[in-house]
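My questions all concern the structure below.
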């Protein structure tokens, strides 16, 4: 029987939405104010959920302290107080939409987890806009 | 690989729970204070979630601006600051329980989305009572 | 030295904003959709705050259980699942704006508290619109 | 077609994480401050979700009043304002991790629901750490 | 007798903390990661509170629709989806700390309100860091 | 002109309400389930607010990093994952009501701040019960 354990975290970053091979006009038309040349920013709220079987001895699926450390090392240290477009390898060419950020986060955390654990990422760009990705 | 994009919205409405072919006594017994003849009301919080594949060029599943506009046209313009029982076609005979409101919202938004997108509706009647519907 | 103790509560009610001696046109112009003839509704969140000196023996300013009971008897039993305009004495002629509801609640709770306690009422009509009243 | 209805509740309890047949050193190493001999505590937020088909006559899947009463009788009356390790049968030998508490709650509520209803339990130990269990 | 009416709003912006006549080393030492050369960003939550006497005829202190429009025109249209340091007149030389942003917002809204109304600004830079300013 | 800067924090602790020189019956009567002999617990949310004048050069009233460190050293390290009655000097004889905890926290932080700064403490025992203390 499977259980899910979730850990909530957050990071603050600047970004802009822009497709490099499009004209400025097309970028403006598709992305609107999100295309602003000098960037804008968000407090991203992140919920990392892992799913698997409870260890009968400890009663843990995973120690949330471990999950907290993985999130800090892979996500917060990389993206917090950064400009996603300029300061990170991941979004130098990839457009930092909430969708793409969630997929990147999923890949970064996936390689740090045991294979028998499933992973789900929920990313809030604002309280009203959020995305969810499970790698399926 | 599929991703989900969600947009949160809200509307304020009056309603009462009542089954027309029941006696007042039975309605009172089943629905309690929710049957109050002069109506009561709620701030309904609505989360609309669409699921599908990311467009590789834009990095979007769907522009949340589009989702916002669909929700405004189909849901807010129809139900916000209304009496669900008296002012709307949808609930003239259908009992406006949270369950039925969620199904009605699902049907209204479903017809505005491309067929390849899945749709999930989460509706909060209060912070403590909420329903979820996926059309499955 | 003074301390404040707050208790959060809520009630769900229907209402409409309307000034009886105005024309329908003027009411519509001033109150917009809030004037809808068949009412709309809200989940009202209420925070009741009392201020005074800590009892040295108990370490309480006031038992929040007492505050909870006063709020239930004076506010929830009176307004919850009601139509404020039609079902309550307080708003038969008084326009049930958030401001007026807060003043009415303040007066109802004030008479149940010891004179040496100060009282503040915070009333959320929605998450985005709220009022505060201290009787000063 | 299936719908889910959720009811949010909460209880406040003390607990400590400890495996009886481990040494104090190992317990301290694995559970850290959560192993504190004199206990610590949490405001547990609980979301109980049941899934099934809407009753066509009432428009209800389940009356949330019934759900509220079941949660009160099975969970709040048993765990609220208690020490999970000392005051409850369920955790006298079972380690009260969030995972184990969720499974225990699932079993307690499962036996009170009709067989045709599915059950999901979401338990927040803190705003940042939570678990989810469906019995699958 | 005075009442307060509040309206919550939000805007998303990029910024960096930097004092122009300081060395890069001193800026880094004082502002840490908030000094990041390529900016970072926030979802700023804003609560605008006005205080005064209720109009006896309407039952309003102020129509929150008016407050909403003033906030949109003065704050959202100016700061939302912008880089505070590069895209706005207000912070070209003024360091965009939460404190300074709150004072700037207070001044912008103050000139749009009647003199008999008091004004308070609460600005959340994150859920955990916020400031409040009343012009006193 | 004064501004307020707030920092939100939290700690999880066990406690019971009990007056040592009262009989068990009187303690039970006054404090109800909060008197449970084996303790219960809470996630305490803490908002520390300091008020003073903005430094014109930095644009800061106080670096929230400093506030964060003071809260960690004085409050979290002392109370988090502890039994307030058994594990802390402060509540060995003082009844750990929310009121008394707020006063203790105020005194602990007050001695770490410059004299020209005012201090306010807001402490949430639950989402529905909270207290506020300013030392006046």
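Each chain gets a letter, A, B, C, D, E and F, in the order it is written, and its residues are counted from 1.
As a convention for this text, contacts are C-beta pairs under 8 Å (C-beta built on N, C-alpha and C of every residue); 3 or more make two chains touch, one makes a residue touch a chain.
Since we're looking at a predicted model, the values are computed, not measured.
Peer 1: If you match contact pairs by residue number, which of C-E, D-F or B-C shares over half of them with C-F?
Peer 2: Repeat of the C-F interface: C-E.
Peer 1: Measuring centre to centre, with centres taken as mean CA positions, what chain is farthest from subunit D?
Peer 2: Between subunit D and every other chain, the largest centroid distance is to E.
Peer 1: What's the chain with its C-alpha centre farthest out from subunit A?
Peer 2: C
Peer 1: Which chain pair shares more contacting C-beta pairs: E-F, or D-F?
Peer 2: Between the chain pairs E-F and D-F, D-F carries more contacts.
Peer 1: Any idea how many Å lie between the Cα centroids of subunit A and subunit B?
Peer 2: 29
Peer 1: Could you list the positions in subunit F whose residues touch two or more of the other chains?
Peer 2: 127
Peer 1: For this structure, give each pair of chains that are touching.
Peer 2: Those chain pairs satisfying the definition are A-B, A-D, A-E, B-C, B-D, C-E, C-F, D-F, E-F.
Peer 1: Quick check on the complex: what are the subunit B residues that touch subunit A?
Peer 2: 1-9, 49, 54, 57-61, 63-65
Peer 1: Please give the residue numbers of subunit A that touch subunit E in the complex, ascending.
Peer 2: 10, 12-15, 33-34, 36, 38-43, 80-83, 86-87, 126-127
Peer 1: Write out the stretch or stretches of subunit B touching subunit D in their complex.
Peer 2: For subunit B paired with subunit D, touching residues are 17, 19, 30, 32, 94-100, 102-103, 127-136.
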